[in-house]
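A short worksheet on the structure shown next.
By written order: A, B, C, D, E and F. Residues from 1 in each chain.
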Amino acid sequence: MRPSGRSADEMRAISIETNYIKHAEGSVLISFGDTKVICTASVEDRLPPWMRGKGEGWVTGEYSMLPRATHTRGQREAAKGKQSGRTQEIQRLIGRSLRSVVDMKKLGEHQITLDCDVIQADGGTRTASISGAWVAMRLAVDGLLAKGAIKEDPIKGHIAAISCGIYNGTPVLDLDYIEDSSADADANFILLEGGQIAEVQATAEGATYDEEALLRLMRLARIGCDQIITAQKSALSK
Amino acid sequence: MRPSGRSADEMRAISIETNYIKHAEGSVLISFGDTKVICTASVEDRLPPWMRGKGEGWVTGEYSMLPRATHTRGQREAAKGKQSGRTQEIQRLIGRSLRSVVDMKKLGEHQITLDCDVIQADGGTRTASISGAWVAMRLAVDGLLAKGAIKEDPIKGHIAAISCGIYNGTPVLDLDYIEDSSADADANFILLEGGQIAEVQATAEGATYDEEALLRLMRLARIGCDQIITAQKSALSK
Amino acid sequence: MRPSGRSADEMRAISIETNYIKHAEGSVLISFGDTKVICTASVEDRLPPWMRGKGEGWVTGEYSMLPRATHTRGQREAAKGKQSGRTQEIQRLIGRSLRSVVDMKKLGEHQITLDCDVIQADGGTRTASISGAWVAMRLAVDGLLAKGAIKEDPIKGHIAAISCGIYNGTPVLDLDYIEDSSADADANFILLEGGQIAEVQATAEGATYDEEALLRLMRLARIGCDQIITAQKSALSK
Amino acid sequence: MRPSGRSADEMRAISIETNYIKHAEGSVLISFGDTKVICTASVEDRLPPWMRGKGEGWVTGEYSMLPRATHTRGQREAAKGKQSGRTQEIQRLIGRSLRSVVDMKKLGEHQITLDCDVIQADGGTRTASISGAWVAMRLAVDGLLAKGAIKEDPIKGHIAAISCGIYNGTPVLDLDYIEDSSADADANFILLEGGQIAEVQATAEGATYDEEALLRLMRLARIGCDQIITAQKSALSK
Amino acid sequence: MRPSGRSADEMRAISIETNYIKHAEGSVLISFGDTKVICTASVEDRLPPWMRGKGEGWVTGEYSMLPRATHTRGQREAAKGKQSGRTQEIQRLIGRSLRSVVDMKKLGEHQITLDCDVIQADGGTRTASISGAWVAMRLAVDGLLAKGAIKEDPIKGHIAAISCGIYNGTPVLDLDYIEDSSADADANFILLEGGQIAEVQATAEGATYDEEALLRLMRLARIGCDQIITAQKSALSK
Amino acid sequence: MRPSGRSADEMRAISIETNYIKHAEGSVLISFGDTKVICTASVEDRLPPWMRGKGEGWVTGEYSMLPRATHTRGQREAAKGKQSGRTQEIQRLIGRSLRSVVDMKKLGEHQITLDCDVIQADGGTRTASISGAWVAMRLAVDGLLAKGAIKEDPIKGHIAAISCGIYNGTPVLDLDYIEDSSADADANFILLEGGQIAEVQATAEGATYDEEALLRLMRLARIGCDQIITAQKSALSK
């Protein structure tokens, strides 16, 4: 039995509130149960130096947690003077995932920065960030298309991310914090609409796992990502 | 005429949503028009080294803005590896202001950290932070009293903060971003219920000012702080 | 009674030694009693990037204390790898104050950096810094005028700064370290010749204060700033 | 055809030279073709603060590249003043992987730090690091057992790591730098002797991939890890 | 001919003003011509962790230049966030030199920090620092002896430092900035009263040099150090 | 008697393996007994900003130790976020020494960076670094000459470095770690073929020394440098 009473293949409630931050070109507040992340997409004409003059754009991600997003207060990274390895790892994953569905030629010389700031954490913050960032990016790109700054839609399709894990010996979908803390294995899947894979990261925590387990986790992830993509579409259609 | 159409002594709409972040001992989302700040109060038993063993507590503040809280995206301080002078100045002001209404003996060996994170900025973020942090602190202290961790209420009274300024030659209350950007002088007042002053910071921007102007700004600030204290009480009574 | 035996409206002895550092375009050693600050004005043609090409100049301030300027040795900020919040707050105040009396158009594309280095501290280091920096700036600008690098004098007038506070219930002028450590309120006033205000910062330390007290502190500040401006003129006329 | 002329399931030559650094409790120079990494295992009695007093040990990893390990010189991280996100990600992976085969209770209050320093890079540096670090750790633990510092062997079994990828449409084993630079997908597998999985990280670079491709990469990885474990055993038996 | 008109073995005027900073246990303002350094000796009971509990003391040095001590303004190291290699090299030299004349057993568990802050630079700042720091240390130790904090004098004798160099082919004593900038070789000698050597650092700048040249520079250094020690004695006897 | 059984003027075995790192324009693994350093020379067309457009080149050095090069593991400087004073002092020495034998005009607008990474330390790492870096630089410059990137050989001659010291009262050549730890004085000599001096650094550690001792150390250094230069020539002739 899961602490939340959910069945093994049951997601938490997803909500996506678009245009949450008025200054950003695209923004959402995305929630997976008690996990809440503000995702903004900022469009700038200034590219990183190594990207300039190629007629192509760039997409990058940043991630942070408010100090009291978690059960106990964490020290502010700006106060410590550096970002943790965990933060950097997640930032790199967000950028890489979103870039996998963007045609940089069609984006032209624009940079889109996806800022994912967790205001309340209950497991799955990196996957919620990616799923929400896609909507923020979609809104920002719609703006560029609407004002004629780009001609063709550079976004190739939806992308969604979800965590699964082996909890008390059973593969389960969409780990919350309690499950995540004691899972034997914990896997993040980043999937495209239609089932192609952008990234899999599956890590043994308490016990190593076998190929069969990996495949069962992937099956759960497909269920979850389908529901996330439905929620993305629904949020955009409002 | 003010860009927002407000009269000279008219505040923006204030809203204070309590218990906004579930993990924090006290929290609010406070809005002054389009300025929105999440304030959390975290209670810890661990004091800074120089405060230990005195039987007294400590109250401190931290402040940050999400990168896209503003019109153009700002670089993340955690990525730059240091907090700006502006951030540190505001943090010091938040801590000093809140400490001015707390009896540290009665608080006992507890530290309360007030994290003020601006999610959307439209002028007056530091004063909204202080006004909201007081409510978050009140909620956290109520929790300490309720569970018997402290015996007597250490909070001596309300504190509220507001910015005023001279805009187009006229003293006005509660500057928004457009006004703030072109004000001749800009003053932050931190006042107690009943009118005592905790801090005044009044700075000439475009033009220096005289004593008469300072007094007129203070009069506006009293109007604003009364309304903020009313909003604090109303939020807590829900 | 004040520890120094001074009357409530009595300043410490002021001395200003001009051209103290031979390499600087302008420099002084300013003393307020035992508080001693070396202020240099450095003129450079290189402006900060965001100021270039506007035909205007810029004035900025930096501040530091020698490690043993104080009663107990403080750790060197260069060794700690960052400037404290207090240092940054003071630097920003110095720059802002001095800019309030400079016409940036008339200064042309020159940057003046005012370095204020406290070699011995006994209270009031930031106000001594501002009062001394003005003289250093005046000397540097005289040099620019003399060699024809600028045509019109960009300095609009004198500026002086002084701290006042409520000590043992009495408003007093020009706090020394002993008074400052136990004052109930402590206020810094930055005033122009003739009485206009550039900045007021008045902070409750032990007890909050009322409007009447603020006005009495301002009256003391006017007495002090008049004397400082007299000392500035006298130093320059030598 | 692979640039090196290797067949799809062909590894580069592996060599493992034990006791390469005389001061370390365990050390190797491991080579996968032109990729060369010095791995040392350092045993210390001092645990990180949060691990002390539990009667358990800890295993952690660090990673770096010499500035000229690569085709063009990279700036030294010590000179930049921080470790890149890539470095931190790899360090975390090394520590996590090695911990998955150690019983911390049996290790007792010892910390083993695995330093992996790449002296020449040609693809696969993180997987070579893990494969080499295991041997260095084995040597260090043998030393602890030999001198009676621990009673039971805390190492549960071999661990090996290899990268595979989809190069020109074909899944291939043990990517070298040229292949890695243009692979469509690139996956790191960390496997135990017998086939259990410690970690899978499979990332789309040029094109997303499907489940079938992931399984084919895993099959190649099993071939590679078997050969690495054979090489580990052979190096230790000398 | 030297730019200053001095003969090859002629020092600049030396002045040493004792008790220059009232808070420090020992202090001087030392000048070699236009080079001026404030040296303070601070006595603390807190030793660095690795020195504690041995019944011995420690002597260490720190060094900095005010930003405008030099012809053109240098960026403040505290603002850059790190000390330059040059600064660290000089600090290490100051500490090492002063330690060479102190008996750490006799000093007992006291740490003396010698802060050398250059307020005006014209060549030879590191040697002036060492020569002045010795006097500051002497004053601080006299204080410890006077109040009975230590029983026996831990200072074994005078130490003095001077730079010499080969300027236009001729060995000269006490280089000023103009000479230093174009010297072929530049050597710092740190000598004890009586002629023993604590340190020699002789560096080819424009041209390498031979043993004969080194010996001639040392002969000049002996002349200089004798005069410095005479000045140290004279300053202390006032 | 020396711990190693060597006679006073006896060097440790020197070995120099050229082309040790395949990507670098020049490289060696140099050993002095158990001290082993990888030296690479990297040629870049990008000069530091202050060197550009003069038609001249630049030579610079960097230095590091692997964490477990030493008896006990040292913390990685990249993890600490800064290079130690010792590291910076050695880097500056390497660059300065190598520059003393290069004609920057003939080098043209090329920068050569000499990276010296100690993989195993047993005393004399800085002198081994300089002696090895010269060979790496020679190889890199030979490459530039071979491909016609420069016309004339900018290298003026060999340079070699060695440490000597006073151990148990006797001047000895090429200190190993045990000797270095307890030497009374320790001197590094950087000499050209033919005997000219590039740099001498002679430091009293336990006891000060006299001119006679300095000269005897220099005599030993000449013996050592002759042998090093012979080894350099032999390595290059292979």
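Quick notes on this structure:
In this text, a contact is a pair of C-beta atoms (placed from the backbone, for glycine too) under 8 Å apart; a residue touches a chain by one contact, two chains touch by 3 or more.
By chain, UniProt protein names: A, B, C, D, E, F = Ribonuclease PH.
The model shown is predicted, which means the values in this text are computed figures rather than measured ones.
The chains that touch chain B as well as chain D are A. Taken together, chain E and chain F share no touching chain.
Mean C-alpha positions place chain C and chain D at a centre distance of 59 Å.
In whole angstrom, the spacing between the mean C-alpha positions of chain D and chain E is 50. Listed for chain A are residues 81-82, each touching two or more other chains.
Order of chains round the ring, from chain D towards chain F, by the touch criterion defined above: D, F, E, C, B, A.
On the side of chain E, the complex with chain F involves touching residues 82, 84-86, 88-89, 91-92, 96, 100, 192, 195-204, 208-211, 214-215, 218.
Considering their complex, residues 21-24, 27, 34, 38, 40, 42, 44, 62, 64, 66-71, 73, 76-83, 87, 113, 115, 117, 119-121 of chain F touch chain D.
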